[in-house]
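Look at the two complexes coming up: subunit A is in both, with subunit B in one and subunit C in the other.
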Partner chain A sequence: MTSTVEVTDLCRSFKTSTGLLWRSHRTTEAVRDLSFSVERGELFGLLGPNGAGKTTTIKMLITLLLPTSGVARVLGIDVARDPQAVRSRIGYVFGGERGLYERLSAADNLRYFAELYGVSPRSQRTRIAELLELVDLSGREKERVEGFSRGMRQRLHIARGLLHDPEVLFLDEPTIGIDPVGARQLRELVVRLREAGKTILLTTHYMLEADLLCDRIAVIDKGQLLALGTPTELKSSVDIGQVIEVETFGLPQTAIDRIETLDGVRTVTASVRGHLQLLVVQGHPGAEVTGSVLAAVDDQVVHRVLTREPTLEDAYVALVGGS
Partner chain B sequence: MSAARIVFIGGLLSYRALFNWLNPWIFIPTLVLLPIFQILLFAFMGRQANLESDQFFVIGNAVQSASTPCLWGMTSAIAGERSSRTLGLLLASPAPRVATFVGRAIPVIANAWIVSLISFAVGAWLLRVDLPPSRWPAIAVLVLVGSVSCTGLALVLAAISLRVRDTATLANSMYGVLLIFCGVNVPLAALPGWMPAVSAWLPLTRTIEATREVAAGASLGHVGGLVLHELALTSGYLLLGICILRYFEASSRAKATLEVV
Partner chain C sequence: MNRVVRAARLVGVVWYLQLRMFAVSAFEALMQLIWPMIFATSAFLIFRVNGDRELLIFAGLGASAMGIWSAMATAASNLLQEERWSGTLELLVAAPAPLALVLAPVALAMATMGLLSMVVTLLWARFAFGISIPVADISGFLVSILVTIAAMAMLGFLLSVSVIRYRTSWALGNALEFPGWLLGGFFVPLAILPDWVKPLSYVFAPTWGLAGMRDAAAGRSPWLQCAICVALGVAYGVIGLLLSKRLLTSARRNATLSLT
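For the complex of A and B:
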């Protein structure tokens, strides 16, 4: 049994040139020797900073770009060799407001893509109604898209990506620029799609979202794989233990310096929050540092103390920041 | 079946989506009034200079008026995918490309035909050009041929503008070329040296010639040779347009030129 998405030593570079008369050429290595696989029914997250190569990887998987070298297979089919066979079985949704026909109604936008994907004329009407219902746009389908809010557009994008009932879905930052409630609804939708058996590859910059949704995550930077595993594995793989957040006021720099030298303390960061100071102390794995940190800070100035386990964001920052 | 639906239903949907002149506030001044002004301008200049007849100018300019909806309609309907950021989605779909793009030509042709017929009728009426009713059906057929042939050339420009990211310059320049080279206001015989050689490779030249002959009393059969020649040229342009689109799509996967979303 092969994986649903299989990426092996994938590379992609871009040649760009600038200047009109003295053209200078540059090569950007957007994806470098990337390998990972996504199993059937899995919700897989691709994380990484801006320009890491996430969208480029997705564009290769959805047949828009050819790999410079390496192999990518979707549903066992080589995306470079047989793009046509891949296209009808995958769906692609990207975040943002563009990519819709502004002057057409929501229903006409869907109708057009239903034609492009060869959805049979008999099932088109019910399929479109079903999807409008799913993305909570029923009743608004006759309105032109130019009047739609960002969240509505995003949901329409998802409906478009689902028209032909694809087995694999590629979601590139689906919640970008959406309000918290809208983003939550979108995440619920993604969970439902996963429950319906779709294999999903998702990119996002929201760590909480990735933690909530993804079965496994690949973190990439500068086109290369930095880490791969379940959210729990990633959190424990990096070299951080407990995190203590102390809200104080008027803490002298000498106190901060003293905390930094304490046993078991990995990093200390201090930032201003209103009239308060926020001290974030990361401990080494296994070290119990709450007591000694608090002892180093005068009781009088402590406003609030919070101890928490490292989040995916802590792990991500440790991975990407250190690379 | 599905390809036929993409041609007709898809073509119309995408034309509505991407050609923003279908709004009456743009359509009437640009596609209806402007060609009529152009007919009047050249007819009055002709009267002043004692050149040609009103009928000569009505026919030339009315047939050429198809070029605005053809050139602009076709480039918008194809290169517009780029500005609406839907090109990537289109290229990621399994839809047959020839059907997808050529389907957009059908509403373009229909639009151009209507525009041409209106300018013809209104121009003839304003200038009191007397054409026997029996000649109108043949004229309508020829005007349709002109719209089809101009759309063929427009597909080539549309394909190119997909890559050069500029729809206005090419369409505008070509409008000027057609106005000068196709015998619209100046008979081909009066064009200097090398120019008629260019005219022979442009759409509309033969349609305008055929329409003038039919208006003067010739039958459709009599101008059949010209019409066939025009349609052969059109097929050439269509084929060239399709080849350019295919080439751009293939090279885009390697060079990342069209995949922008």
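For the complex of A and C:
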């Protein structure tokens, strides 16, 4: 049985030119020899930092970009050779404010795209009403999109992507910039879509979201695949032991540098949270570093110390940070 | 559903929704009508000095056609660029409907706005400057208007196809606005144009459409001019259709559908 999405040795480069009289050309390799597959009914996550090649990969899969080399198939159809056949069977939703006709109402936006996707006139009204209900926009369909909040726009994006009942759905950072409540509603919606049997390819920056939703995850950076597996497999695949979180105040850089050199310490990251400073120290497997870390910050006020098992975010930082 | 009926429905719905988007902004819609009137006013004031009534009728018809051309040349190209800015251009391409069937009604919607500006300009000429245009052959005159609009819509479609591939080609539409007035003989007779320009005028459909309108108004037969105008419009459409497929592939190869 073939996979729903198959990506084999996919490459995509972009050529840019600068200068007026003396043109200089530069080639950027956005995706390099990427291979993975997504099975029917699976919710597959594509994780990576900004510029990792996630959106470029999705744009090749939804036929907006041609691959430089390699092969990508969706539902067994080559996206480069037969884009038209792919388009009618997939849905595409991207995050952010753009991608809607601001001056049209929500219902007219859906009507526009229903025509573009060949939804029969007889079923259009019912389908649009169903989708507005699904994304919790019933009663707001006559309002113009320009007055919608970001969360409402995002939900309308999803309704648009589902108009023709596609077998495969591509969600490119659907929760970006949305408040926590809106993001939770969207995640619940994505779960319902998976339960309805849709195959979903999701890109996101939010590790918790990926951990909660995805059956399998591919971590990519600089266009290359770094790791592939279930969230549990990814967490156990990286060489991380215990993780210690220390909340402190005004820890100097010299102390952080000193902690980095301690035996058994793998990585140290420091961030500011409100008036606190959060130090996250990843240890090597089997190493007990809590005592030595606390000794290194002994002259500072320590607010709280927490020892925990590695999360997907720790695994991600270890993978991407070490690439 | 029959493919032809479905395509016709798609064209109709896209045309209607594009017009609806225009109608939302009263200011923009008004500007679309007022802009040609400003140029028409300048022309009327210049031609009035001569005191020749025939010349004023010539200018009145030319000014009325000018609105359609301005709407087509600039607005159709700019509209596609706006689609790129708002992120909807990629969605139009990612949809299974042939792109040509989406671009053509967009151009047609602009032509419809042009038709409105034509009516307004004629009324402006009549009531503000006392230029009434006697029309001897009403049906020929109306047919000439319709074929002119259809041909200009196809020309707008041809221009908009290039916007898909080249991010800055919307500027081409702006650059063509004023030369179009000269090439089409809107204000000056083709006879006084340099010889090397005339072939360009002959392949410019509005030249023939406007000639048909003038002939119908004067009681001469407009049908040959109408036929040439239709033939040129069909040619623009066919070239646009062929180019749309090639340029779309090129846009996918060169990543020009989005802003970045």
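Operating definition for what follows: the second predicted complex is superposed on the first by the 271 of 323 C-alpha atoms of A that agree within 3 Å, B and C clash if a C-alpha of one lies under 4 Å from a C-alpha of the other, contacts with A are read in each partner's own complex, and residues count from 1 in each chain.
By definition in this document, a residue touches a chain if its C-beta (ideal position, glycine included) is under 8 Å from a C-beta of that chain, and two chains touch if they have at least 3 such contacts.
Nothing here was measured: the structure is a model prediction, and the numbers come from that model.
Peer 1: Between subunit B and subunit C, positioned on subunit A by superposition, is the outcome a clash or a fit?
Peer 2: Aligned on subunit A, subunit B and subunit C clash with each other.
Peer 1: Of the partners subunit B and subunit C, which touch A:194 in the superposed model: first, second, both, neither?
Peer 2: Neither: A:194 stays clear of subunit B and subunit C.
Peer 1: Counting only touches as set out at the top, which of subunit B and subunit C does A:216 meet: first, second, both, neither?
Peer 2: neither
Peer 1: Report for A:117: first if it touches subunit B alone, second if subunit C alone, otherwise both or neither.
Peer 2: A:117 sits against subunit B and subunit C alike.
Peer 1: Just subunit B (first), just subunit C (second), both, or neither: which does A:144 touch?
Peer 2: A:144 sits against subunit C, while subunit B stays out of touch.
Peer 1: Report, in rising order, the residues of subunit A that make contact with subunit B in one complex and with subunit C in the other.
Peer 2: Common interface on subunit A, subunit B vs subunit C: 14, 62-66, 83-84, 87-88, 92, 94, 98-104, 108, 111-113, 115-118, 121, 160.
Peer 1: If you look only at subunit B, which of its residues touch subunit A in the complex?
Peer 2: For subunit B paired with subunit A, touching residues are 2, 5-6, 9-10, 13-14, 16-18, 20, 84-86, 88-95, 100, 252-256, 259, 261.
Peer 1: State the interface residues of subunit A toward subunit C in the complex, per the touch definition above.
Peer 2: 14, 62-66, 83-84, 87-88, 92, 94, 96, 98-104, 108, 111-113, 115-118, 120-121, 144, 160
Peer 1: Touching residues of subunit A toward subunit B in the complex: what are they?
Peer 2: Result: residues 14-15, 59, 62-66, 83-84, 87-88, 92, 94, 98-104, 108, 111-113, 115-118, 121, 160 of subunit A touch subunit B.
Peer 1: With touch defined as at the start, can you tell me which subunit C residues reach subunit A in the complex?
Peer 2: Spelled out, the residues of subunit C in touch with subunit A are 1, 6, 9-10, 13-14, 17, 20-21, 24-25, 86-88, 90-97, 102, 249, 252-253, 255, 257-258.
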